[in-house]
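Across the two complexes that follow, subunit A remains constant while its partner is subunit B and subsequently subunit C.
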Partner chain A sequence: MTPLDALLALSLVTLLLTLSCRHQVWCGVLTTLLYGVQLMALLFMSTSIHYGVPVPSGVHFNVLGFEMHWAMTPLAWFFALITLGAAVASSWYASTSWGRHYAATGGSPGLLQVALACNVVSMLLLLCSADLLGLFISWELVSWASFLLMASAGGAAVRHALHYLVYAVAGGMAVLAGIALVYVATGSLSFDAFVASLSGLSAGRLWLLLLLFGGGFAVKMGLLPLHLWQARAYADTPGPGSAFLGAISSRMGLFGILLVLVQLAGLARFAGLVLPLTPFTALDLLAWVAAFTIILPTFTALRQTDARRLLAWHGIGQGGYMLLGVVMGDALGSAGGLMHVFNHATYQAALFFSVSAVVYRTGTSDLDQLGGLVTRMPISFTAMLIGIIGLAGLPPMNGFVSKWLIYQSLIREGHPLLFIAAVIGTLGTILSVYKLIHNMFLGQLRVEHEHIREAPWSMTLPMILLSAVVFATGYLPGLVLRWIAPVQRELGLPVLDYTLGGYQSTAGSLDMIWVVTSMLGGFAIGAVLFYAGGRARRVHQLDNYAGGHFLDAATRYQYSYNFYPALTRLAAPLYRDSFQWLESALVSMLQLASAGAQGIYRSVHPSLYLLAAAVIAWLVWGGGH
Partner chain B sequence: MNAPVLMFALPLLTAFLLPVIDRLSGLAGRWIGPLVLVGNLLLGALAWPHLQDAPLVLAMGGFRPPLGIVFYVDRMAMLFAMGVALGVLLLWPAWAQDKDRVRISTLTMVLVTATTGLALSGDLFNLFVCYELAAISSYGLAAAGGSAAAGAATLRYMVISSFGSALMLIGIALVYQATGTLNLAQLAVLSDALAGPQGLIAFIFILLGAGVKAELFPVNAWVPEVYGAAAQRVAGILAGIVSKLALLIIVRLLVLVFRQPEAQQILLVLGVLGVITGELAAWRAQDLTRMLACSSIGQLGVMFVAFSIPGPAGVFAGLAVALHHMLVKPALFLLAERWGGALTRLPGAAQKSPLAAACFVLLALSLVGIPPLPGFWAKFLVVTAALGQGTPAYAGAVAVILAAAVIEASYLARVAAHLYRRVTQPLSANRQTRAAVTVATCASAALVSATLWLAPLGNSLQVTAAQAADRDSYIHNVFPQGVQP
Partner chain C sequence: MGWGSVLLEVTLMPLLAFATGLLLVLMMRRIRARLERRVGPPFFQPLYDILKLYGKRVQISHGFIHDLGIIMVVGGYITVEMYLPMPGMDGLAAHGDLITLAYLMMVPSLGMALGVGQCANPNGSIGISRALMAMLGYDIPFMLVIVAAATLYGTTSLPDIIAAQQGGGMATWGVVTMPVMAIAGLVTTHVMLAKEPFETYVAPAEIATGPMVEMGGKFMGGLFVVQAFQVYTAGALYTTLFLGGGTSWLEFLPKLCAVMFLPFAITVLFPRFKAGEGLLWVWKWPTAIALLGLALIYLRR
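This part shows the complex of A and B:
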């Protein structure tokens, strides 16, 4: 029994235990502990992984002539670390107070935990697949496990989950088609056979494989134009579930792309693949898909009026950064892209937790119905502040480091337009996260929220921990970069020369220890001046005046409705929901075809006439002879 | 080793004696049919080891082929004969309608006789007789519910089916005119005589004729109406079992007699059209029974596509899909007995019958082809076999099958969402019958165990397919001393 077998067995045991004691109040606590044990088992492999030695599984099957086996590679380990970390945090968050509250409002926390356990098992299986068949099987399992998690809330969430499912199954079928093509060409589904089959392929075949695999994996990642399902489906998942999905679920698509297109096929192959009749290569296409995935969803996030939707739309946009970094194929960019997976998971989960805490206390995540909660929920506010700094990619949080690496790479590799696209995305992010924190925590407190308290510890502790990670890995990015180096090596990419504070290379370097220390030093001086010099008087939050008039609590002097109207007006003509339109046009066409098909089966006459005509024609013709 | 003949003869005898037996003892009348089916299963199990190496060729009354009636019992035939016995046993229609039990049991036994004959017969004449017998008994069963809708639907079905039979007879006559024989092995020897346009026309006629029962597009328009109006058990038998046996005729003919590529192309095109129309119609269906009926058309389309692929790979894939569908669809139809009607009546059903709902979801997942359930492997075999042909037509068929899986997932997941929607008011959904839950659980357990023992099952099925696709050995087995011209 290898360490990997132990991990997978533990994961399966977690699922079975969760299933059998889902009605108990301590179920969440138990699962949290079990995820913790799994995380330990994973860390137990870290030495081997650090030296780039995969941990194999002792289990293998031979089914219908297909060999199936599993192994934990550095790439898989990195993603598994994030998966289990997100699972611990989400399960913890859901375990006691939140779970009771959820049950009281008609939800089933046990079902949520079961769905979470399903997700973790299937994701671990996916990450450890060492052949295309195992990859596809666990890919489908991940899709359906996500569906279970999304649909577990019932109501409107089910509608969005069904919407997701159509995309997910379509993506799965594209991957299946790609795998079948490989199988027909090589007679095997091992990774080696796949790599061997690629060398003799015509450009057309290569494009087909790229579209099938890339398109299939892109669905889960929410790359444009396959992103429409994601925001609604993630946002309507109950609190901790949406944190888990937002943190890691959609990154499984990136994992697929990394494994199949980067590691097995190799980016160089696509750099030589020219789009017919254009000067663009397949790699350019990927990069621009990533760039548009950054810009459009980010500006859609800006227009959202619901905090969870806003975060979910950002989740799509941040995926674009990851792909953009990886597609650059150099040490800086790929390290940035990979690191952003980790960073995004940490701050996104913290942000979803913070929003869920507000929902837990106020019952709403509508940005037009909140405000001024900073003094009522200071821990949630701090978690959100740290989270949005990370999301916006500003120092001293970890999001800055990964984005900085990607910017550096874009400039070095000579892609100024892509660089501008990435910066535009960041600008949109900053604007939109300001709207988020302002409308929830700053500004005027609503009267009905006056007696609100901070969320309980079972919810704030995971937030605090995640925020600490967001800061710590921003201060000492080397902690994450040392996990990324073996991944880069495994993917066949150049390896970043990392240091504890950043990276060191001939062309440039980054030392976050220095950056953050000087920044904090500046803040400290400012704080000293503020507290030493200024005279401040504390007043009640509802005791306000504006324009020389006292305001009573019922007068809204600060608006959250229709935020950034000028910007929205400016951007609207550039993007008229064309993807929505495209999708509904396709659905309408399908409905038309479906109505036609139903027409065939509504009456029996067509069959009858056909048969009768055939018989009579034969009798006439045969009788004539 | 004449046990397979008994599998045909016993149900026939029972069918004739059943009214008398029931008059003597109601208890015996109730149980004789299921008992005979159990006997059939035992006979099949006893005969199975003898089929490992070579098929059995049984000449009735000692008249050697090509003169007499011949049963050709290979593994594929035996598999379907046992499938008939098992399927009908689980869905035994008389259990749902005790009032009419004698009539229904008799008709069911006739149907079992006919379908077993379809599986085992080695000549076209016998196949036609069995096909007609199956048709007539299925009219009776479909109308047995006694409702006006069932009567009207059955009447239309009867008219279509009669025209189909006429076409099939003309096709057989054409074959006889060209070759002078109806024995399949001798036809295989003389297949060159059918390579021309006359042979193709004969094939098309037989295809359309048998296609009425096999739910072949475009002669399948009766399907949703009859399945919707007839008792769900009968619908399950028609969709799950009779359709597969009608398909078997086409497979035998394709392998042995009609080997021109045009024949395969026609089957491919009609199969693809069946997938498209069936799944699209099911997508919009607002009624569970109708949805299942249309989905069954789509699944049969996949089987036609599979069997249109020349060689053992195609037969293997087709057999896998057919057996899988034979297991899943009857159980789903049985669940629709109580859950039929508008989908909007389903919410709360999972609260009332949690086990049945879980089984429905499992069966539906396998039907869509979600790994690692058997439905996925069946579909995977079809996809790889079709892509292995390397022609654009087959690649297009694969694209259609995969797209159809998306549509299928969409509507079946919608049903599952309805089933699991929680409601607090008095529930409109019906509680499942114990019989339906039992059968659905058995089918689900079979699916799960098939997943666990996939490797031996797959190998065994592969051998079966290779045997069925081997034309030379068919000829050799029937004429061990060589062919007398």
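This part shows the complex of A and C:
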């Protein structure tokens, strides 16, 4: 039994135990501990992974002549680390107080834990699959497990989860078609055969392969134009579930792209693939898809009035940065893209936790119904503050480092417009996250929220720990870059020559140890100057300038609705719901086709249908002879 | 560089930046006064204003985040100054490049936004909403200037950018090698200063000075300190990217004053844009000029 077998077995045991004890109050605590043990088992493999040696599994099957086996590679290890970290945090958060509250409001915390365990098992299987058959089977498992988690709340969530499922099944079929293409060419489903088959492929076949695999994986990642399902499905998943999904679930799409298109196919192959009638290559296409995935969902997030929707839309946008970094194909960009996967998971989970804590106390995540909670929920506020600084990609948090690496790569590789696209995304994020924190925690506290207390420790501790990781890996990014170097080596990409504080080069350096220390120093001087200025008197929020009017408790003195009116007005003509239109056009077309087909063979003229089918069959077979 | 000299530089740089900033603020107020046919304030007035505000007996705070906001604004700019080289001192510029500097410059804005947010005054929040929209406007041409400079000089390290310009004389200055970008940069600098016609987020008659509505005493004093840092940073960054920085203060200070003279002088001539109009103007003109400048740089390569 290898360490990988132990990990997978442990993961399966976690699922079975969760399933059998899901009605017990201690179920959440037990699963949290078991995820913790799984995380330990994963860290146990880190030495081997660090030297780039995969940890194989002793188990292998022979299905219909296809060999199925598994191995933990550095790439898989990096994603598994985030998966298990997110699982520990989410399960912990859901374990006691939140779970009881969820049960009291009609939900089933046990089902949520089971769905979470299904996700973890299927994701680990996906990450460790070492052949195309295993990859496809676990890809489908991941899709259905996500569906279970999304639909676990019932009601409208099921509708959004079904929306997802349609996309996921279509994506899965695209991947299957890609695999079939490989099988037809090689007669094998092993990774080696796939790599060998690529050299003889024509440009057209290569395009097809890129579209099938890339498109299939892009669905999960929510890349434009396949993103419509994600925000609603994620936002309507119960609190900790949405944190898990937002942190890692959609990144499985990126994993697929990294494995199949970067590691097996190699980015260089697509660099030579020119888009017909244009000077652009397939890589340019991917980069611009990533750039639009950054910009459009970010500005859609800006328009949201629900905190969870807002975060979920940002999750889609941040995926664009990861892909953009990776398709640059250089050491800086790919390291930035990969590091962003880790960074995003940490702050996104913290943000979802913070929002869920507010929902737990106030019952709403409507940004127009909250305000002023900082004095009541200071820990949730702090977690959100650290999270939004990370999400916006400002120093001193970890999000800045990964984005810096991507910016540097874009400049050095000569893509100024992509750089500007990435910057526009960051600026939009700053606007959006300020609206988020302002409308929830700043401004006027509502009368009905006067007596609210901070969320319980079982919810705030995971938040605090995640925020600490966001800060610590911003202060010492080398800790994460250390895990990324073997991944880059495995993917066949140039390896980043990192330092503990970031990156040193004559063309521009970043040393976060200096940056963060100097910021803390600057703030310390700022604090000394501030507190030297004498004591300030704290006043009540209603003791405020109101143009000569007196404010009382009944007066709403808060600016939250339509927070950026000028921007909304300017951007309004750009929002024509084109993607929604595209989706509904596709749906209508399919409905029409299926209605036509049904009309023929079911009722109207069955004999005509049979005749037509017979003629076609005769033409196909008979024509051949 | 030893620890002693590092410590000396990171102490001196914010102090010198502050003093120079006060001088620029004085210049700004004197120019405005002369154009309005007044005498203008005495030499030490900018400093007196700050001392007076810090010394106020009544200081009003709306809570810890209000305090923290001011600390972040002042502290953030102190940090920024450590990464912006000045004559004879590179400070920490070796540890954080132009991009880091650009993002460090956003930290004070975030601090301001947080602090104002807790004041629970809609005027303040509207001011922040407008300020952030303005940032979304001017940061696009600003980042175009940065990417152009990084492309032209082949590095984002500020000391290297300065050395590249000082090594070859005036012919290698950014203003000569990328003149179109220099125009875009100057316009952007003006927009960043939040003076007319771009002071939509202060708009005293409309939203009661916006972010400043609940600021008094040392809170306002902190913002006055920041104003000095802000004008210095804008001028020094422009001088660094386009005018070769300065080998000595005798060269650096006149350049700074020359850069800031134009925005300070023409601001007096304008009324105020509406919030959306200003944003559109910035996306149209400086951005278009900057894109043209960028295209020229790429065509020449």
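Here is the rule we go by: the second predicted complex is superposed on the first by the 581 of 625 C-alpha atoms of A that agree within 3 Å, B and C clash if a C-alpha of one lies under 4 Å from a C-alpha of the other, contacts with A are read in each partner's own complex, and residues count from 1 in each chain.
Assume contacts are C-beta pairs under 8 Å (C-beta built on N, C-alpha and C of every residue); 3 or more make two chains touch, one makes a residue touch a chain.
From a predicted model like this one, the values you see are computed outputs, not experimental measurements.
In the superposed model, A:Pro279 makes contact with neither subunit B nor subunit C.
Touch criterion met: A:Ala527 reaches subunit C, while subunit B stays clear of it. By the touch criterion stated above, A:Ala536 is placed in contact with subunit C alone, subunit B being left untouched.
In the superposition on chain A, A:Met519 makes contact with subunit C only, not with subunit B. In the superposition on chain A, A:Pro573 makes contact with neither subunit B nor subunit C.
In the superposed model, A:Gly547 makes contact with subunit C only, not with subunit B. For subunit A, the partner touching the most residues, choosing from subunit B and subunit C, is C.
In the superposed model, A:Leu590 lies in contact with subunit B only, and not with subunit C. Interface residues of subunit B, counted against subunit A in their complex, comprise 156-157, 159-160, 163-164, 166-167, 170, 205, 208, 212, 218-225, 276-278, 280-281, 283-285, 294, 297, 365, 368, 370-372, 376-377, 380-381, 383-384, 387-388, 390, 398-399, 402-403, 405-406, 409-410, 413-414, 417, 420-422, 454-455, 458-459, 462. By the touch criterion stated above, subunit A contacts subunit B in their complex at residues 61-64, 106, 136-137, 140-141, 144, 147, 151, 154, 158, 161-162, 165-166, 169-170, 173-174, 176-177, 180-181, 183-184, 590-591, 593-598, 600-601, 603-608, 610-612, 614-615, 618, 622. If you check the complex, the residues on subunit C that touch subunit A are 10, 14, 54-63, 65, 67, 70-79, 82-83, 92, 94-100, 103-104, 106-107, 110, 113-114, 117-123, 125-126, 128-130, 132-133, 135-136, 139-140, 143-144, 147-148, 150-151, 154-157, 160, 208, 213-214, 217-219, 221-222, 225, 274-276, 279-280, 294, 298.
Only residues 371-372, 374-375, 385, 389, 392-395, 400, 404, 407-408, 411, 414, 416, 419-420, 423-424, 427-428, 430-431, 434, 437-438, 441-445, 501, 506-511, 513-515, 518-519, 521-527, 529-530, 532-539, 541, 543-547, 557-560, 563-567, 569-570 of subunit A touch subunit C when the two sit together in their complex.
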